[in-house]
Structure formats: structure tokens, C-alpha cells
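One chain, subunit A, appears in both complexes that follow, with subunit B as partner in the first and subunit C in the second.
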Partner chain A sequence: MQGYIIRRIIGAIFVVFLAGTFSFFAIRILPGDAASAALGLDAGSASAEQIAERRAEYGLDKPLATQYGNWLWDTIRLDLGNSFTNRANSVWYEIGRSLPYSIELGVLIVIVGFAVAFPVGLLSAIFQDRWIDYTLRSLAILALAAPVFWTAAIASLFVLEWELFLIDVIGQPHIWENPKDAITWYLIPMLAGGFAGTAATMRLLRSQMLEVMRQDYVRTARAKGLRESVVIIRHALRNALLPVLTVMGVTVATIIGSQVILENMFNIPGIGNLIISSLFERDNPVFQSVIVLIAVFVVFTNLVVDILYGIIDPRIRLS
Partner chain B sequence: MTEARGEVIVPEGDPNLLIRLGSGLRSVLRFIRGKPLGGIGLIIAVAFILIAIFANQIQRHDQDQIFDSPNPDYKANPTTLELARNPDIGSPVVVEQFAEPSGKHWFGTDKFGRDIWSQVIHGARLSLIVGLGASVIAVIGGLVIGMISAYYAGILDLLIQRIVDMLQAIPFLVLVLVFTQISEPKVSYVVLWLGIAGLAITTRLIRSAVFAVRESEFVLAARVVGASDLRIMVRHVLPNVVAVLIIAFSIGIGAYILAEAAISFLGAGPQGVASWGKMVQAGRGSLDLHPWQTVFAGGAIMMIVLGFNLLGDALRDVLDPRLRGA
Partner chain C sequence: MSERSYWQRMSRKRMSRRGILSASARAGVGAAGLALVGCGDDDDDGQSVAQVQQQQQAMQQQAQDQAMQQQQQQAMQQDQHQQAQQQAMQQQAQEQSTQEQAEQQAAQQQAMVSEGKKYGGSIIEQSANVYETYDAQRTVASPVLQVLANVQSKLLRFENPNTGVLTGDLAEGWELPDATTIVLHLRGGVNWHDAGPGADHPSAAPGRALTPADIAWNIDRQRNKVLENGEEASNFGRSAYWGGVGSMDYDDVSLTLNLTEADATFVQGLANEFNLMNQPELVGGTEDQYTEVDASKVIGTGPYILTRWDPGEGISAVKNPNFYALPDKPYLDARVWVQTFQDPNAYRIAFEQKQVDFMSDPDPNTTLAIHDSLQDETYLTFQGVANTVAIFTPSNKAPWNDLRLTRAIDLAINRRQLIQQLHNGLGKVSGPVTWMQEAWAIPQEDLETFPGYRIDKEQDIEEARALWNAAGGPELGQIDWVTSELWASRSAWSATPGIVAEMFNQAFDTDQFNGITKPYLEIIPSWIAKDFDPFFSWIPNIEIPDARADMIGAFTTDAGSNYWEISDPYIDDTLNAAKQELDYETAYQMVREVQEYVMERGQFGRSICYNYIYPAIRYNYNHPQLSSPEEGWNFLPYSLNSVEQWVDLDDPSAEGRQPTAPVPL
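Our next item is the complex of A and B:
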């Protein structure tokens, strides 16, 4: 088991390294750079010397190999440098400012998603092929097909049309600063994101439940005379949950993807907005660091899930 | 479990289904009867393909035509005061912006007085080209890489797998946004980049299928009689992973359509063509009073993705039930 964990950790670090390398070269392949993006706002006003000067300041005039070496060495020492766009701010500051918003929204999306997916998946499996199953499955299929930005737009349409509540938020409050305003602000993105993010989880949970309910130990539990709720929750659900956990890495990546759109729509200054702005402004240090951050998050979610799975289910370790 | 060496890998379910699928209307009807949801998906997909092909015939109005109507308040030489009260008074016609759905404009008109029905109809073209095109690229690329990866195994396989892991560690949308920035925002490039971003998933699917086949006895036999690697791959491995290829192709389409809609919504999509994602964004400015553009464009995205998802799910269940949930 130890050998397995060590092998997996080395693999994970290598994947993160690849993601960083990818982001390093990707942002440099794109046409234009931070110097022309910053100076070229009114086209032609910046002279070639000015741009060259700014490029030298950013270190963009050095050979690619040198830049890559510097980046790698700095990143290993966790020195991420300063943002190109907001030159007074370090990348750590930019990330530290954005990350809480994304974590808040992400956690809310996960809570909403699982709060929906669990009962829905369970009900759907228990009432298999009854009208309630068909209704819930249809909803899940629709949720998978609907673009998250559209769901969010329609949700805000209903809020406006029926004056459900007033989205009257001043500033960009954190949930621990001003819970009421923050929840109002996050309400639509978290519902839309949760709806979109966990349709797959719901379907997986349903099919796993159906699989498990056919097993002998469930029949044994019923034969022992246990109450149906105990059979379902203690015996069936616990075993059906494992495969759902294994796809957590994919779920997390999906949720981050929809957060990019939702943060953009609702002006939430989180990591998703930071990716878009740093990409469009060619803010290399910020972009690279954010991609590495996300890769670390996704890869290590996968790693933890796999290791836990190996501990819970010894058969995995053998294969 | 397919651990037994020499077990011939045939997709579970009906091995002859592929042949029958190709044999005309009767097999399609049988598919619809067996998988009613898949049948609905097929009907939706075919409907959208027909809409895209005959867009010019069913559009009713040109998508760029700006509709206007005579201005009832028109006055030839308004005084400054009148002009201040009613800025439109000096023009003989007013643009029919934000018309409600009616017999003339089935889906209403947008901010510039253009017919939304016609725009939605033309948007089907882009979505279909993107969905089908990107999926073809992803499957062909995934087939080549997945075969090489599985067949030669070893260090090359390990490296390819880590690259696939890396691509999957970056959210699909971000990957597509980065790629599309590289080139001009033309439809063909966007299709290409979406297909490349999708390589990770198809490679993984196809690689595991090839892995199962290469352990089988007939591949061993082919190697014993001295067949070259290329011959083994093309003649012996490829025919046995066709089912997986079809599955990989059909379940990806919806995801590419959604991704194109998302980048268009963010303003980074293909330029110069009608795009549903762009229309959802355009309609958002006046969502509270005139929601029709957003509602219909987004509804179209949902319908087409729904159709291809249902079709893909049904094909997967029929061709290879083991992949359920993949």
C-alpha cells in the first residue's frame, strides 16, 4: 500500500508539472503579450522602443529556455512573482483575494448539488420505472443538456419577473462578513451550478443503487426483517456511494468549469474570472499559477479519492 | 471480467447489431422500439440536421434583415423641443425592435429588429458542424494515440497517460478558451481546437478497449504468423474496437456543442456566424423585459444537446453495456 501511495504521489506531481509546462508554453504561443496588451490599448500610440522596454521589464525578451528555467525554479520555491497587469500585486495576493470567493461558490454548488442528487438518485432507484423515477430522470437528462449560463439566465429572469427577492448587493461580500447579502448574491449561480454539476452524479447514484439492490446481502438484510429504510441507507447506499466518490475528480473539474462562466456572469471576482482576465490580458505569471493551482486541486482530489478507495476496498490495490 | 486469455472480445449485447444498423429503415425502427428514448434522440438529431440543411428554405426572413414600420408620430421638420420630447419624431420609420412572438415573427425580433426565428434556424448549422466535426477529430486522434499507447505499452504509454491526466486536470472550458485564443476565431479552427481538447477523453476510452483486444488469442496468433504491427492494428484490433469508436463519437457531440456555446457566450467563439451561445449573451442585456432571444437560443442548445445525449446513451447501452456510466 505504501509503495502504491508513493507511486501515485510521484505520478500526481508529474501531472502537475506537465500542467504548469502546458500553461507556460500555451500563454506564450498565443499572439500578443502583456507588453503589447498593456501599451497597445490605443493602437499605434506605443513606439517599438516602449514595447521592447516593457518586454524587458517583464523578462519576456530572454530566450524561451531561460524563461522556462527561471519559471520552473521560482515555482518550485513557491515564488510566483508579480502580476503583469497589476504590477504592484504579487500573484499570491491576487490568488489570495480571488480564492475565497471561488471556494465559497464552489462549496455552495457542491452542497446544492449533493442535496439534490442524493434524494433524487435514491428516490429514482427505489421507485424504479414508476412515474416519479421517469420524472426525476427526465429532469436529470434536461439538466445535463442545458447550458449552465442559460439555466442561470432563466433563473434570474424568474427572479426579476416574479420579484421573488431583490438582488440588491453592495460590494462583494464574503459569506462570513455579510451572510444575507452574500447568499442573495450567490443564490442563482449556486442553484444553476449545483443543478448542472450533479446531474451526472444523480444518474450514477441511481444506476449504482439499482446494481446494489440486486445483491445477495441486501436480500439477506431484508430477510433478517430489517426495516426498509435501514436496508436502503445502511446496506445499499453505503456500497453505492463508492463509485460515486471515484468520479469526484471529474465532478470537481466540471464544477470549476461552470464556475468560470458563473463568476463571469455574476461579477464574482473569483479564480474563474482571474483565469479569463489573465488569459485575455496575457498576464503570464497569474495565468500559469492559476492553472497549476487548479491542476493541483483536481489531481490531488483524484489521488485522495483513489487512496481512500484503496483503503476501503482492498480489491483495488491488487489490480 | 475479461481476464481469461484467449477470450474473444465481442461487445456484449448483440454482436451483429453493427451490421444490422447499416441495413436500412427496418433496423432503425427496431432500435427505436428497443430504446424509445434513443428513438426520441434520433428524431431530434435528424430534425436539427434537416433544419440546418434547409435553413434558407425555412428561415421565412433573412437573418440580417432589419424590420421597421412607419412611424405614426413622424413629422418632417420637428422643432428642437419636439425632438427632445420624442427623439424618433424626425425619422419616417422606426425599427421594430423587441417584437413579441407573432405570426410574422414566430420567435419575435431582437434589439436590432432582426427575426429571431431566422437566427435560431441558422445557429443550428454552427452547432452541428462544431459538434460532429470536433467529435470526428477527437475520435480519429484518440484512435491513433490510444492504439499506439495501448499497443506499445511501456514508457510511451505511461507518458501519454500522464499527458491525458494533465489535460483532464484542466477544466475543459479553460482548455478550449486557451486553444481558441491561438488562432483567428474562424469556425474551422474552433472545430479543430474543440476536437483536440476532447482528445483526452477519447484516447482514454479507446486505449482501454485496445488493451482488452491486444491480450486476445487472435492477436497472439497473428503475431505468431509474422504479421506486422501495422497489419495487426488495422486488420485485427481496429474491427474489434469499432463499437467503442461509435460510442466515443456519439457521446461527445453534446459536450462539444455545449463548449462552443459557452465560449461564444463568453465572447471568444467563432466570429461572423450565427451562434446560439452568442444569442443567449446578446439577449441578456434586456432579459427582464424582452427575454425571447435568450429563451429561444438557449432552448435550442438544450434541445440539440438533449437529442444527441439521448441518442448516444442508447447507442452505448446497445453496443457495449459495460461502458454504462462512462
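Our next item is the complex of A and C:
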């Protein structure tokens, strides 16, 4: 097990390195120079000296290999530098300011997702091929088919048209500061993101439940005279959850992908918003650092899931 | 049809939001709903384009320029009489006792209220997060001005930025004894802010009176390009302008600028939005951190005191309790800026729920659609963008130094088609002087008669093709036509390189033209070195309405911005004479003649194309100074609105407003 974990950690570090390298070159390949892009529409008014001075300040006047080497060394030392856009702020400050919002939204999406997926998947399996199963499966397909941005946009239009509640995109309250305003702000993104994440989990759980329910040990449990609820929850669900656990790592990546869209749609100043703004503003240090951060998070979440899976199911560990 | 009704009709007959929702519901979900939303947009585009094609011509021909000409005449008359008026005002002000002044101010305030302008309230707007510094003198970024124009002051300000009518600011009057001397009569009782984060900075000198020496320090700093530590800085954007000041003399109440040469355009530069005055102690003490923007590094004499400036987070300013124009102005108690919304959905929510008072999405269709759904509560305003769009041909080097080729290119540019393709019809063609500098520009209906601008494009193309063939254009081989990467990086404009190349290929019935992109990093140095490839992009912002400076800079033999190495005695003589001409009517005529001369020669490769227009929506309670195209195109309107904008919180549209409180003093 120890060797397995070490091998996986080495692999994870390599993946993070590749993601960082990709982000470093990707933002430089894109049209638009960072020194000019930072000036927006007014770039055409800048003199060559001003642009050159700015490039020198950013270190963009150095050869690409030197820039890459500097970035790599600084990143290893966790020295992420300062933002190109908000030059008074370090990248760590920008990340620190954004991360709580993303964590809040991410947790809410996960809660919604699993709160819906588990009962729905369970009910669908229990009432297989009955109207409730068809209805729930149709809803799951709908959630899979509807892109998260569409669901969120339509929901926003409904809220605006019927003036249902305030979506405080300016105040940007944290849940611990102003729970009421924060929840109404997060409501649409957490539901849209949660439903989108629900579908795959729900369908997987249903199929696993159906498979497990046909197993001999479930039949045995029933034959022993156990209550149906005990059979389902203690014997069937626990075993059906194992494959679900394996997709959790993928689900995390999906949720982060949704968050990039949802944070921008609702002006949530989280990590997803930071990625987009840093990309448009060619804020190289912020963009590269956030990509690395997300890569670290996704890779190590998957690693933890794999390790947990090995712990829960010894057959995996042995193989 | 008036121009106003043209712009208002731009957005009519759109699919309503409720229509979209009900259609989505009927059609089901997923792909069907998506398709419906997409179809709605397409329909909108089609209608806008069709309207623009038909109506833009009418607009350009009719009411606009009649009104503009009247404004120009008024502006000229005002300018001619301005000195006398200012002197009279100054004399009158000095004669009045304090009590009389107070009575007069109270009466004026009452009059303004009775005219409908009201005091109090705040405005919340979006601002792009492009704050490269807190020092207006060292930036080209207009969002910096959006903030600082409310906090700091200039010597003069524009009463109307389009026509160039000037009014006093730190100088309440001015005289031009001759073409090389400007005497500024400085306003008394102007103090630097005595509260707020800037006043608390250890380097600041809060509350002290503004002195002529402060102004002289600001001018010296820019014309010498030298910082307090003795280092030279290359980023003083107006150093060339201030370099025109040979010497200065000042006493307690006036400042005299002695110009190195006669320059009648100089006085307008004093109202340039970038020429804000810094406090020497504070800016001098923080110059080494000039890129680290926060409210503690800013102090001014303007109508508002900056209480927060956290780039990427929020900005706010509150009314200066000691502003010199009190109690008349400003009208608002506070201003708040929120940072750019990345997504139209967020901007839409903020605007429709009245969390912001103004909206102008980068996609004009979004703005127009939202206005359409809120027609009873909102109105549209249109802002001309000061970033002029141009196509530059290197006429200073072979093969483009053949005037026939330069003319062929200028004729082949389908300016109106570009406006349609890239800006959904929201824009107007510009001659050598942009239409936004309306007092100096060739009116649109006249412009339509010039080669390259004709409505009948076929005639232009026929002539262009003949010139191209006669000059051996087909033998030039493959031609790379550059578009700036920054331009092409915008999703709505990403097809521009291909569009420009195809425009020329079609005009010349060839496939020689290829569209490529290059960064400004390559374009600008090669442009300055006069060794550039043909390109399409923005050119530097116009900063003042007086077009003489731009024309002289581009077309006279020794000018710094004459990247085409144009040397024409007629142009030199006429523009240099215009520069010294104090009579505006005569100067307009001179510039007009040069414009015509230049256009007959394919603009010598400096083919100005157009200035596009951004629509914006405001609630009915929100009153900027210039609220319609007839009044002005809101070209750098920041300092104007800083004192003139007001809100009517009694208007029904103000119901349900969710104002964000500014950070208090």
C-alpha cells in the first residue's frame, strides 16, 4: 500500500507539473500581449516605451526559456509573485480572496448534488420500471442534457421577470456574514450546479443498486427476515456506494468546471471568476497559479479517493 | 427622422424576455430551449442590421448635423466671447461680498431645483479594472480617469466635450493676450481634501490651499518628465503637450504660460481629461509605488473625496464638504464603482435589480435587448468611442509609395460594411477628423460625396480597381494585412483579419491579401520606426475636441506622429497657419480644406475608417449631463458628469433601487 501511495504521489506531482507547464505556454500562445492587454481599449494610446517598460516590469522581455525557468523555480518555492492587473496584490492575496467563495459555492453544490442524487437514485432502483422510476430517470436525463449555463440563465430570467428575490451580485456577502443574502445569491448557481452534478451520480447509483439487489447476499438478508429498509440501507446501499465513490474524483472536476461558468454568471468572485478575468486580462501569474492550484486539488482529490477505495475494498489494494 | 429616433428605434421589435421564457417552456427544455434563445438573438441582429443600413444614411444626411452646426456656431460664438465673459465674471465675483455670493448661490440652487435638477443620492456604475496607476499624468488608461475625474481637478473643463466649449475649473477665467501667451486667473478658496484615506497619508498635506506653485509643479513635472528622485520617467503621456510651455510666471492669483510657439489649440488641452492636478507632497512622496493603486495615495481638490480604491474589489467616493462650487455642485452625495462583470448575466441581474444605475454591455445586442424589456423605466444613451479605427498603409516605402496604390486601398475600404460586420451597425464613418470632433469634422452628408466614403460603393471599387491595376497591384504578390492581436482577441472581432483581407480581395478581384495578426508590441515600434506593415487597428485616443493638434501631428513634415513621412508644403503651411488662428471659423475652414486635400490623396495611407458607438441604458432617474446624441456623444465625459450628473429619487423608476453604500469618510 505504501509503495502504491508513493507511486501515485509521484504521478500526481508529474500531472501538476504538466498542467502548470501547459498553462504557462497556453496563455502565451493566445493572441494579445500581456503588457498591451492590461491597458484594454487604451492599448493603442500607449507608447512603445510604455509597453516596453511594462514588459520589462513583468519579465516578459526575457527569453521564453528564462521566463519558464523562473516561473518553475518560483512556483516550487511557492513564490507566485504579484498580479499583473492589481499590481499591489500578491497572487496569494488574490487566491486567498477568491477561495472562500469557491469553497462556499462548491460545498453547496456538493450538498445539493448528493442530497438529490442519493434519494433519487435509491427510489429509482427500488421502484424499478414503475412510473416513479421513469419520472426520476427522465429528470436525470434532463439534468444531463441541459447545460449548466442554460439552466442558470433561464432560472435567472424567471427570478428577474417575476421579481422573486434579490440576487446580490454587488454586495457579494459570505454566508457567515449575511446568510440570507448569501443564500439567495448562491441559490441558482448551487441548484444549477447541483442538478448537473446529480445526474451522473444518480444514474450510477441506480444501476449499482439494481445490480447489488440481485446479489445472493441480499437475497440471503431478505430470507433471514430482515426489514426491507435494513436490507436496502445496510446491505445493498453500502456496497452500491463503492463505485460511486470512485466517480467522486471526476465529479469534483466537473463541479469546478461548472463553477467557472456559474461564478462568472453570478459575479461570484471565486477561483472560477479569477481564471476568466486573469485570462482576459492576460494576468499570467494569476492564471498560471490558479491552474496549478486546481490541478493540485483535482489530482489529490482523486488520489485520496483511490486510496480510500483501496482501504474500503482490500481487493483493489491487493491487485 | 431625427438621429435620436434612429438610435431609439435600433432596439425595437425584439423578442421580449417573457416571450423567450414562454417559448422555452412550450418547446421543452435542453436543446430546444437553447435554439429558441439563439434564434431570438439572430432575429435581433437581422433587424438591427437592416435598420442601420437604411437609416444610417438618412441619419447622416439629416437632422444631426443641422443641430450640430447650430451647436458649433454657438460654440464659436461662445468661444469668441468667452474671454470677455470670463473677465466680466471674475470682476463681478471679486466685487461681490461674501453675503451676496451666498445669496446668489442659494438662488442658483433654487433655480436648478426648480428646473428639475435635484440634490442627493448616489450613482453606482461599473468600471473596467484597468487601473495601471493612481497618477493620471502617467497613464493612458481611461478607467483611471473615470475615478480620478471625480476627485481631482483640471485648470479648465469642457462644457461640452464634443463641441469644445470650455468653462473654468481651477482657473475661473483665462485670457489669450497673444497666440503665445495664456493667462489663467486662478480660482480662490480652493483647498486640497482634508479628509479621507489620502488626507491620512503621511506624505499628504491635507486641507491646505491650492497654490499656483502646485500647478506649476504639475506642469514642470510633465514637461521635464522627471520624478522627485531625479529619475526620468517615460510614461508622462502629455509631456509633448506640456513641452510647448517655454516658461511660466505666477503670482498669488494668476499663472501665465508662455508657449514656445503660437498654438491656438493649447487652451483646449488644459481641459484634457488626463491633465488632472496632483498634490505635489503626496504624489511626490509616493512616486516609487505609483503602480500600487489604493485610495491613500490620492488627494485632490475635486467634488468628491476618494474613500476606497481597491482594484478588482470596489471603489467609492463621497461628496467633498469643502468643494469650491458648493452649494451648487456637485449634485450627488456619493459615487460607487463596481468592477467589471465578466458575464452579461451578472450585469443584467445587477442592472435589472437596480444594484447598478447604468449598463453598457460589451455586446450591444445585450444592452439593446435589456432596454427593450424595460422600456418604461429606462432610456438609451449612446457613447462614441474615442478609439478611432483606421487602416494604415506604409506609403513611405515601396511599393506603397505609389500614390495610386495608396488611393486604391483607401477607396477599397468599405467602411460602412466594416461597421455592419464588426459593430452591428453601431458606428459612423470618420474622415481624417473623427465625427466625434464634430466642430471640426466634415459632416456625414458631405463625407458621402468623397471617394472612399460614397454610398455607392461600386463607384469607389471601380476606381480602386483601376488604380490598383494601373499601379501594378496584381504583380505585388501575396500581401499580409495585419490586425492587432488585441483586437482579434475579442471574440466578436476575431474574424477581423479575414474580413479585412476579403474586403480587399473582393475589391481588387484577387486573392493576394492575407489577414494576419501581430501584437502591439511589434506593431507600435515598427510604426514609430516608420517601417511598418499595413495594418488595421485602433489608433491613439482623441483626447480633445480641437482637431488641429491631431492633424498637425499626422500630416505636417516634422511632426512626431507623421509615420508616413508626408511632406507637402500646402499642408504644412495651412495647418501651421490654422494652429495660430484664434478665430475658430477661419480655423475650421482651413482644417476642412486640408481634410479634403488629404482625402483626394487616399489620406496618404492614414485611412481613418470610423468610430464605433456603444449603447448604454440608464434608468429614468439617472441624469448625466449629456443624455442624447443631440447633446453630445459622451466623449470622455467624466469630469463633466462629476459635477453635473444628478439623480431623481422621486422618479417612479427609482422604486426598488438597491444602492450600495459608499465607504464613508
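Here is the rule we use: the second predicted complex is superposed on the first by the 301 of 319 C-alpha atoms of A that agree within 3 Å, B and C clash if a C-alpha of one lies under 4 Å from a C-alpha of the other, contacts with A are read in each partner's own complex, and residues count from 1 in each chain.
Note that a residue touches a chain if its C-beta (ideal position, glycine included) is under 8 Å from a C-beta of that chain, and two chains touch if they have at least 3 such contacts.
Quick caveat, the model's predicted, so the values are computed rather than measured.
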With the two complexes superposed on chain A, say which partner A:209 touches: subunit B (first), subunit C (second), both, or neither.
neither
Have a look at where A:142 lands relative to subunit B and subunit C in the superposition and call it first, second, both or neither.
both
With the two structures laid over each other on chain A, which partner does A:36 touch: subunit B (first), subunit C (second), both, or neither?
second
For A:26, is the partner it touches subunit B (first), subunit C (second), both, or none of the two (neither)?
first
Mind working out whether A:48 is in touch with subunit B, subunit C, both or neither, as first, second, both or neither?
second
After the superposition on A, what does A:18 contact: first (subunit B), second (subunit C), both or neither?
first
I'd like to know which partner A:86 touches here: subunit B for first, subunit C for second, both or neither.
second
Figure out whether A:257 sits in contact with subunit B (first) or subunit C (second), or with both, or with neither.
first
So, does A:112 touch the first partner subunit B, the second partner subunit C, both, or neither?
neither
Residue overlap on subunit A between the subunit B contact set and the subunit C contact set?
30-31, 142, 145-147, 150, 153-154, 156-157, 160-161, 264, 276, 280
If we count contacts the way the header does, which residues on subunit C are in touch with subunit A in the complex?
17-18, 20-21, 24, 29-31, 33-34, 37, 124, 128-132, 140-143, 234-235, 237, 289, 291-294, 311-313, 338, 340-343, 345-346, 348-350, 352-353, 355-356, 385, 387, 484-486, 488-489, 517, 519-521, 524-525, 528, 537-541, 658, 660
Under the definition above, what is the set of subunit B residues touching subunit A in their complex?
162-163, 165-166, 168-174, 177-178, 181-182, 254, 258, 261-262, 265-266, 277, 280-281, 283-284, 287-288, 291, 294-295, 298-299, 301-303, 305-306, 309-310, 324-325
Note which residues of subunit A are touching subunit B in the complex, please.
11, 14-16, 18-19, 22-23, 26-27, 29-31, 141-142, 144-150, 153-154, 156-157, 160-161, 203-204, 207, 243, 249-250, 253-254, 256-258, 260-261, 264, 275-276, 279-280, 291, 294-295, 298-299
Within the complex, subunit C is touched by subunit A residues 30-33, 35-55, 57, 85-89, 94, 97, 142, 145-147, 150, 152-154, 156-158, 160-161, 166-171, 264-267, 269, 273, 276-277, 280-281
